[in-house]
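Several structures are given next for inspection.
Each of the two complexes below includes chain A, the first together with chain B, the second together with chain C.
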Partner chain A sequence: MLSININLIIAFTLALIGVLIYRSHLISTLLCLEGIILSLFILITLLITHFHIFSISITPLILLVFSACEAGVGLALLVKISTTHGNDYVQNLNLLQC
Partner chain B sequence: METMLIFVLSLMLIFGFVAFASKPSPVYGGLSLVVSGGLGCAIIVSLNSTFLGLIVFLIYLGGMLVVFGYTAAMATEEYPESWVDNMVAFSMLLLSLLMEMVWLMVSGEVEVVMAVELFDSLGNYCVGQDWNGVSLLYGCGGWAMVLLGWILFITILVVLEVIRGL
Partner chain C sequence: MKVINYLLNTFLLLTIIMITFPLIYNIFMPNKTINFPPLCKTTIKLAFFTSLIPLMLFIYSGQESTITNWQWLPISTFNLSMSFKLDYFSITFIPIALYVTWSILEFSIWYMHTDPNIHRFFKYLIIFLFTMIILVSANNLFQLFIGWEGVGIMSFMLIGWWFGRTDANTAALQAVLYNRIGDIGFMLAMAWMMLNCNSWDIQHIFMTNINTPALLGLILAATGKSAQFGLHPWLPSAMEGPTPVSALLHSSTMVVAGIFLLIRFNPTMQGNQTALTTMLCLGGITTLFTAICAVTQNDIKKIVAFSTSSQLGLMMVALGLNQPYLAFLHICTHAFFKAMLFLCSGSIIHNLNDEQDIRKMGGLLTLLPITSSAIMLGSLALMGTPFLAGFYSKDAIIEAMNTSHVNTWALCITLIATMLTAFYSMRVIHFVLLNEPRFLPIPVMSENNPNLINPIMRLALGSILTGFLLTTSIPPTTTIPMTMPTMLKISAMLVTIMGILISIELFTLTNKMPIMPMIHTHNFSNMLGYFTHIFHRLKPLAGLQTGQHIATMLIDLGWYEKTGPKGQANLHSSLSSTFTSTQKGLIKYYFLSFMISMALTLMVL
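Moving on to the complex of A and B:
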C-alpha cells in the first residue's frame, strides 16, 4: 500500500478518536467530524488519481454536499444548546442520568 | 527532495490532525483544521487533480469552515487551552508513530511517490481528467444534481425547524 494512504488512514483514525472522546466543548467534536470528512475526501481523490477512474470524480463533491448539510444541522443544535445553557460545555447535557 | 514532497505533506497533515483532534480551545482547533485543509489541497494539487483541490479550498475552507469560525467566536473563553501540557496530543502523536512503525514492519517494500502518467496502459489521456469527470454531474448525472439541490433545500428547512423559537 502507498505510504500516503497509510498517513491518511492514520489521520482519519485520529479524527475518529477525537469525535469519540469528550473534552469540555461540544464544538470541538463537530470540528473533528469535519476532519473525518476532509480525510475521506482526500482518500477518494487519491483513489481517483491513482487508478484513473475519473468517472467517480463526482463522489467527493457529493460527500461535501452531505458534509455541509451535516455541519449545518450540527451547528443549529449547537446554537440551540448554547442559548439554553449559556455555553456549549458538555457537562451541561446532564438530563439523562442513570 | 521533490519525490518526498507528497509524503512530507501527508506527514504534516497528520500533525495538523493531531492538533485539532486533541481538542484544545475551539479557536485553535479551527485554525489547525484550516491548515490541514490547506495541506490536503496541496496533496491533491501536486497530483494534478486541480479541480478537486480548488473544491477543497473554495467550498470546504471558504464555505464550511468560515461558518465554523463564526460559531467558534461564541465559544471564546478567557484562558484558551493550547497544546502545552496536553497529554492527549502527545499520546496521539505516539499512536500515529506506532501505526507507521507497524505498517513499515508488516509491509515489505515502501512505495512513497505516486507518479502521474500522461497516458495510462489503455492509451487514455490522463492529466487533468478530473474536470471532465465532474462534468458528468451535469450530463448523465443530472438527476444527482437535482437530488442534491433538493437535499440542500430540505436541510435549510430542517435547520430552521431546529432553531424554532429562538
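Moving on to the complex of A and C:
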C-alpha cells in the first residue's frame, strides 16, 4: 500500500472518531463530518488516477455534490438549534429523554 | 312346463297386489270407513297365508326367481325396469313382515279404538307395509329407493300422528332429517353405480368390482335408516308415535331396512376390508352406547327403543364379520319378540290410563297375567335364552365373533352390551311387574279383549318357534366354525347370567341405599351421552352465530376496526407508545459503543 493511502486512511479514521466523540459543541461533529467527506474524496480520486479507471471519474464529483447538500442541511439544523437555545451545546438536546 | 314353476312368482305377486286392495278400496269408497280396519286386518291375514306358499316352495326346492315386468326408462345404454328379486331374503322376510303386521293391525283395532281417524291410521300402516315390501323385493336400486323413501315418509306421518303435540312434530321432523342424511349416502352409491357399473340392477352390480366410496355410501345410508351411532337420536324420539307404529316401524320393519340393504349388497362387501371394519366398529359402538343409554331410562317405550337400537348394532356387527345370513336370521327373530314387547307395553300403557313411566308401575304380574308373561317371554328371548328365538341368531353371532380374526375391542364391547341387555331387561321386569303397585287404584284393568290377546299370543308363539323353524329348514350358505373352546361357546350365556345376577343384586340394594345427588355416570346414561344436547343445540347455535357474525359484524368490526384503517392506526400508536420508552436519547454513549465495536472488529480482522 502506498504511503499516501495510509495517510488518508489515518485522516479518515481520526475524522470518524471526531464525529463519534464530542464533548460540548455540535459544530465539531459537523466539521469532522466534512473531514470524512474530504478524505474520502481524495482517496477515490487517487484510486482513479493510480489505476487508470477513468470511466468512474464522475464519482468524486457526485460525492462532492452530495456532501455539499448534507453540509447545508447540517448547518440549517445548527442555525435552528442556536436560534432556540442560543448556543450549540449538545446537552440542550434532551427533549426526547425520559 | 310344470305348473309348480309358476307358483312362486304368481303367489308372491298376488301377495303384493292383495296388499294394495285396501288402498284401492279407500280411494274409490272413501266414506265407508266403519269396517275399514277389520277389512285391512283380514286382507293382511290373507296376504300372509298367500305368501306362505312361496316360502314353502323355497324351502322344498330352493327355487329363487327374478321377475322383470316392464321398462321404465330405456336410455340408450342404461335400462331401468321394474323388477322383483325373490331370493332367500325376500321370500323369508315377506311372510314374517306380514305376520307381524297382521298381529299389529289386530292390536291397533283395540289400541286406537277411540280414535276418530282410525281408518286413516290403518291406511297409513298399509301404505307403509306396501313400500316396505317394495323395498325388500326390489331388484334394482331405483325401486329400492322408492321403497326407502316411502317408508321414510310414512314413518314421518305416523310418528306425527298426534300432531297437536309439539314433541311429536319435532320427533317426526328429526326422523326425516336423520334419514335424509343417510339418503345422501344412498344417492352417492347410486350415482357411483350409474357411472361405473352402467346399471342399477343388482345382478350387474355383483359382477363388477365396487370401490370403497360407493360401499361407504351404502353404509352411511344404513347408518341413517337403521339408527347406528352418529345418526341415532331419531329412534328414541320416534316413540312419540302411537305404540302400534313403534311396534311395526321402529322395531321390526323399517329400521331393518338399512341392514337389509347391506345384506343385499354383501357379495360386493366381502372383499373390501375397509367396509367390513367400518361396519364392525360402527355396530360395536352402536350396540354398546345404546345399551348404556337404555340402562337408566324411565320411559318403557324408550327402553324398548334403545333395545332395538342395540340389536341393530348387533346386526351390523354380524355384517362386519362377513356373516350376512346370521344378520338376516337375527332380523327375522328379532321382529317377533321386539314387536311383542312393544305390544305388551302398549297394553300396559292403555291399562294404566296412559302412564309410561316405569317408576309409576308395579305389581302387574298378578293384575295383567297374559301381558306380564309375554313381557317375560320377550325379555328372555331378547337376552338369548337357549332355544327361544333369540338364541339361534344372537348366540350364533357371538360365537362367530369369538372365533373370527377381528378387532378384539369390537368383540369386548359387544359382550359388554350383551350383559347390559340382560341388565335393562331385568330392570324393566323388576319395575313393571314385581313388587307392589306404584300407581293410583283408578284404572280398570282388563285383558278380556281378543283383539289384545290374540296378537300377543301369536307373536309369543313366533318368538318361541321361529328360531328353530328357520334354522332347521334353511341351511346357512356360509358356515361358521362350529368347534371352539368351551369357555367361548358359553361366553354369551355366561355374560347374560352375570348381567341378571348383578341386576338382581342391585335391585335388592336400591331400596336400602341412600340417594346420592350427582352421579356422573348416571347423568351420562340418562341424557343419552349428551349427544342430542351437543348436536341439536350447540352445533346449530355455533353455526348460526357464525353466520350472524359474518353477516353483520364482519365488514364493520373485522375489516374497518381491527384489520383496516382504524386497526392500523391503533396498532401503530400503541406500538410506538410502547417502544418510545426504550429510546433514552443517550447519543454520546451510542456513538462511543459504535466506535469501540468498530475498533474491536478491525483489530480481530
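Note that the second predicted complex is superposed on the first by the 97 of 98 C-alpha atoms of A that agree within 3 Å, B and C clash if a C-alpha of one lies under 4 Å from a C-alpha of the other, contacts with A are read in each partner's own complex, and residues count from 1 in each chain.
Just so we're on the same page, contacts are C-beta pairs under 8 Å (C-beta built on N, C-alpha and C of every residue); 3 or more make two chains touch, one makes a residue touch a chain.
Owing to the predicted nature of the structure, the values given are computational and were not obtained by experimental measurement.
> For the overlay on chain A, clash or fit between chain B and chain C?
Fit - chain B and chain C, as placed by superposing on chain A, sit side by side.
> Check whether A:N94 is in contact with chain B, with chain C, with both or with neither, and answer first, second, both or neither.
The second partner, chain C, only.
> Could you figure out whether chain B or chain C reaches more residues of chain A?
Chain A has more residues touched by B than by the other partner.
> For A:A76, is the partner it touches chain B (first), chain C (second), both, or none of the two (neither)?
So A:A76 only meets chain B here.
> Looking at A:L38, would you say it contacts chain B, chain C, both, or neither? Reply first, second, both or neither.
first
> Thinking of the overlay built on chain A, is A:I21 touched by chain B (first), by chain C (second), by both, or by neither?
Touch status of A:I21: both partners.
> If you've got the overlay open, could you tell me the nearest Cα approach between chain B and chain C in whole angstrom?
11
> Quick check on my understanding: which residues of chain A belong to both its chain B contact set and its chain C contact set?
Dual-contact residues (chain A): 17, 21.
> Per the contact definition, I'd like the list of chain A residues that touch chain B in the complex.
1-4, 6-8, 10-11, 13-15, 17-18, 21, 23, 25, 27-32, 34-35, 38-39, 41-42, 45-46, 48-50, 52, 54-58, 60-62, 64-69, 71-73, 75-80, 82-83, 87-88
> How about chain C: which of its residues touch chain A in the complex?
581, 583-585, 587-588, 591-592, 594-595
> If we count contacts the way the header does, which residues on chain A are in touch with chain C in the complex?
Residues 16-17, 19-22, 90, 93-94, 96-98.
> Okay, in this complex, where on chain B does chain A touch?
Chain B reaches chain A through residues 6-7, 10-11, 13-14, 17-18, 20-26, 29-30, 33, 36-37, 40, 43-44, 47-49, 51-52, 55-56, 59-60, 63-65, 67-68, 71-72, 74-75, 88, 92, 95-96, 99-100, 103, 107, 110-112, 114, 116, 120, 124, 126, 129-130, 132-134, 136-137, 141, 144, 148, 151-152, 155-156, 158-159, 162-163, 166.
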